[in-house]
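Here come two complexes built around chain A, the first alongside chain B, the second alongside chain C.
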Partner chain A sequence: MKVLEARKIGELAAALSGAGWRVLLPIEDGNVVRLAPWSPGAAVRTDVVPVNSLKDALFPPSEAIGRFGLDGNDFTVKEAPVDSARTVALCVRACDTAALGLLDTIFNWDFPDAFYNARRSAVTIVSLVCTSADEQCFCTSVGGRPDATVGADAVLRPAEAGAKLIFEPLTDKGRALVSAATALLADVADATVVADKPAEVPQLFDRPAVTKWLGANFDSPLWQDWSLACLGCGACAFACPTCHCFDIQDETTRSRCVRYRNWDACALSLFTQHAGGHNPRADQAARRRQRLMHKLSYIPERFALVGCVGCGRCERACPAGLGIVEICQAIEEIQKVPAR
Partner chain B sequence: MIENIYQPTVMRIAASRDETPDVRTLRLEFSQDRTRQEFFAAYRVGQFGLYGVPGAGESVFCVASPPTRQEFIECTFRRVGRVTSALQDREVGQTVTFRGPYGTHFPIDSWRGRNLLFVAGGIALPPLRSVIWNILDRRDEFGRIAIVYGARTVADLVYKHELAEWAARPDVQLVTTVDPGGQTPDWTGKIGFVPTVLKELAPCRDNCVALVCGPPIMIKFSLPVLTELGFTPDNIYTTLENRMKCGVGKCGRCNVGSLYVCKDGPVFTVRQVLAMPQADL
Partner chain C sequence: MNVTEAIRADAARLLTEGRARMVIGYRLHHGRGVPVFLTAPERVDSLYYGPQCTLNLAAYLSRPEVRRSAPVAIVAAPAALRSLVVLAAESQVPEGSVLALAVGPDEYHGVVDAAAAAELLRTRYACLEADPDLSARAAELAAMSPRERSAFWQEQFARCTRCYACRAACPGCYCQRCVVEKNMPQWVSTAARGHGNYAWHILRAFHQAGRCVLCGACESACPQGIELMLLNISIAQNVQEQFGATPGLDPEAKPVMGTFRPDDKDEFIR
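Presenting the complex of A and B:
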């Protein structure tokens, strides 16, 4: 088995960077830890869930999807290049890789998205088993596990109380990293280093039961109650590893136009606003309902996937402390009340 | 290397016609014959496209011309925002962008031999106009054709020259109406709301398919009339016009329940529409 000294994660990043990879790692920046491009001297922090998810690396907050040359009233359509730089994302949480199932599906059904796919095929994902979880973590409630490896090319398992990381390649992409980091990955006899116990993440609600209730309760008056504290800021969507809604906006100078797609959020009041004035989701209750319904009812119905991976970022990011768990638990409580 | 699904094609404005003070029809020609052929190989009536001006953006409208006329496409739209203003500000000879066709179509091939009833209000005639011309260009294949079209005022009726053409045809029954107070001294059509006129007219109830497009209030009050006339939710069709950005099932904006209007629509039967979460429409 291959073992890396945990304190040498920066050296691993340096080795991979030297071998031509763009390296992403959870890096402390000010008061937050973000999954961000590594550069020498970066403060790597693997002890907390980064505020952003792997989604940012595949579907960035803003990206050019069109380019035009402008000349008075004339224009020419130009190519918009894709980003296919070879990238390795290190210490990615299991919840983030779980989210790729949905993103891969959305960006490929019928119409494959060149921008997403270029980044997706160029990325090697090395996940990190979670040995601790905070109060917002609930992956086990939505089908995940802190040590799940689905979607990962290699996995790092903490050992000896986090002092060491067992490196276990899972795919050819994962194995390709080994040769670039031979000096850092010590070969030791199997079972001489034992992985630490994964985090215990309690299951907080019965997801299929919640999905069933949602399917029958679009018109519940509870949506009003559940949305009263929502500020409609969209922070939940921007932090979410599966939220993928976007806006398209043009930016122009006299001689050129760049068409960007920018993250958008169903929490925002203009999201569905028609030019003629009609807004299908006219109040915050309708918008908050859409968020919950989309993740836990519509996506299961449409794609046989779950639209939430239980990373807890929405609750951590919400200025009002709202999350998905409290609603799901409330739904479970409702169902425990015998029908009259 | 896969193609960029967001990259539009360039269309030249071949003609422009003002339908009302703020509604205009643009006739667009493909800049390359290959692109034109590809479009018409795919296009079925009822589908939509994204029309744009670089710098302003893109907007979704139906393709208002039928697949039976393959030299050009037409779109008819009201000036309401940034993109529609930019499109209307383009002159004949200048270019705009286009992506499409996208979405579902009216299953007109399954309607051969049947009678057809078109019910439209205001700016919602364009998505039915393409069907009407498609049917008229294949007139022998279909039964009787009745069209009920209303607008708030005479000035708000679109395609006035085509309404005259349809009215003159012996094989089309056309009834136009304007809301009470919207008539002019020389108005010869009906005065009244579309559902009321529809009820009075009670057109072709047998072996008939209805297509209804209009403001939500018109649809709401027309459906009970159609039910009275013997139509079932399976043989009434409509189109939904949700806000969209991508048109290809990615941006998440047009979702109604688990459906994507851009992929599962825009053409739906009324049965499908009634099964949607009504408050999200």
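Presenting the complex of A and C:
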């Protein structure tokens, strides 16, 4: 087995960077920790869930998906290059890799998305088993596990109270990292280093039961109560590893046009605003309902997947502390009340 | 009686007597003070007040769901009371529609309306002490060359993903349609990059000039940790120096950026 000294994570990043990879790591920046490109001297922090997810590296907040030249009435289509720089994302949480199943499906559903797919095939994902969880974590309630390896190319398992990291390649991409980091990955006899216990994340609600209730309660008056605190920003959607909605905007000057794909969010009132003035999601209750419905009813129905991975970022990012769990628990409570 | 208990008692009284149809306060959830909306006096036990309660609840006063529940009472620290006074001055809270359960750093002041809130602020909290670290950072920024300052803000705004949590958490941001949502044509680039991010934050800060009460809600709300208070305090200091105005002390005050005086000290505007 291969073992890395945890304090040498920066050296691993340097080695991989030297071998031509763009390296992403959770890095401290002011008062937040963000999954961001590593550079020498960066402060790596693996003790908290980063504010952003791996999604940003595959589907960035804003990207140019079209370029056009304009000359009077003439119009020329120019190349909009895809980003296929070889990238390795280190210390990615299991919830983030779990989200890839849905993102891969969505971005190849009715149309293979060249921009997403280029980044996706160029990335090597090294996950980190969670040995601690905070009050917002709930991966086990939506089918995940703090030590799940689905979607990862290699996994780092903390050992000796986090002083060491057992490096376990899972795919060819994962194995390809080994040769670039030979000096850092010590070969030790199997079972001489024992992995720390994964975090205990209690299951907080019965997800299939919630999905069932949602399917029958689009018109519940409870949506009003559950949405009063929602301020109508996009913090939850943007922090979410699975939220994938976007807006397309052409930014045009006299001679050229750049077509941008920008993140958008169902909590924002403009999201469904029609040009004629009508908004089919007229109030915040309808918008917040959409978020829950999409994740836990429509996606399960359409793809047999769950649209939430239980990372807890929505609650951490929400100015009002709103998340998924409280509503799901309330739904479960309702179902326990015997019908009269 | 501690502050939490006093708030519960007053909330129950307001709801029972019908002086408020809804009380917006805080409850403790996962170590944070998060908003709770009460319409029944039996539920006031969920109310909590403590240092974890930093969201400015005046942000909810412009929401249609809340307006429909008027009269409404909010739990408000001095900064939120200032927001209430600004909103009253800007005709955003019809008279008699909003009360506040006023809390100071160490004490509870009871139920006030906008006029009484202004009086309390003038007598007890006229000079809110700015965080010394923040003031020092603002001084550092002021000492930079315009080019250095611009580079500092570009680097800060590069973090912005345009989630608009800053706007959502701000009681002063109540425009029915924000300037970034004016999209026929699109006035401000909504791409989360360079010039659009810069334009967004500077526009918002300017729109708040003379109105920002320095509550810190925008910075607390920012998931990316952008130092928005540094921008706000720089502008607030400027407003103080140039116009002698401290927003949120006088419900009759005319907005600094929305008034014209024939005796303005600057030649160009006369």
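By definition in this document, the second predicted complex is superposed on the first by the 339 of 340 C-alpha atoms of A that agree within 3 Å, B and C clash if a C-alpha of one lies under 4 Å from a C-alpha of the other, contacts with A are read in each partner's own complex, and residues count from 1 in each chain.
In this text, contacts are C-beta pairs under 8 Å (C-beta built on N, C-alpha and C of every residue); 3 or more make two chains touch, one makes a residue touch a chain.
Keep in mind the model is a prediction, meaning the values are calculated, not measured.
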Touched partner set for A:Ala275, first chain B, second chain C, both or neither: both
Partner chain in contact with A:Ala114 - chain B first, chain C second, else both or neither: first
First, second, both or neither for A:Leu231, with chain B first and chain C second: second
Which superposed partner A:Gln249 touches (first chain B, second chain C, both, neither): both
Which of chain B and chain C A:Pro61 touches, first, second, both or neither: second
Partner chain(s) touched by A:Asn73 [first = chain B, second = chain C, both, neither]: first
Contact residues of chain A, present in both the chain B and the chain C interface: 247, 249, 275
Contacting residues of chain C [partner chain A, same complex]: 29-32, 34-37, 55, 59-60, 63-66, 159, 161-165, 167-169, 181, 183-184, 186, 189-193, 217, 220-221, 223-225, 227
Chain B residues touching chain A - in the complex, by the definition given at the top: 1-10, 54-59, 78, 80-81, 84, 90-91, 94-95, 97, 216, 241-243, 245-246, 248-253, 255-258, 263, 277, 279-281
Touching residues (chain side chain A, partner chain C) in the complex: 29-32, 34, 51, 61-62, 135-136, 224-225, 227-229, 231-235, 237-239, 247, 249, 251, 260, 262-263, 265, 268-270, 275, 283-285, 315-317, 319-322, 326
In the complex, chain A residues that touch chain B: 65-66, 68, 70, 73-75, 77, 79-80, 82, 106-107, 109-115, 117, 218-219, 244-250, 252, 257, 259, 261, 264, 266, 271-276, 278, 280-281, 286, 290, 293-294, 297-299, 301-302
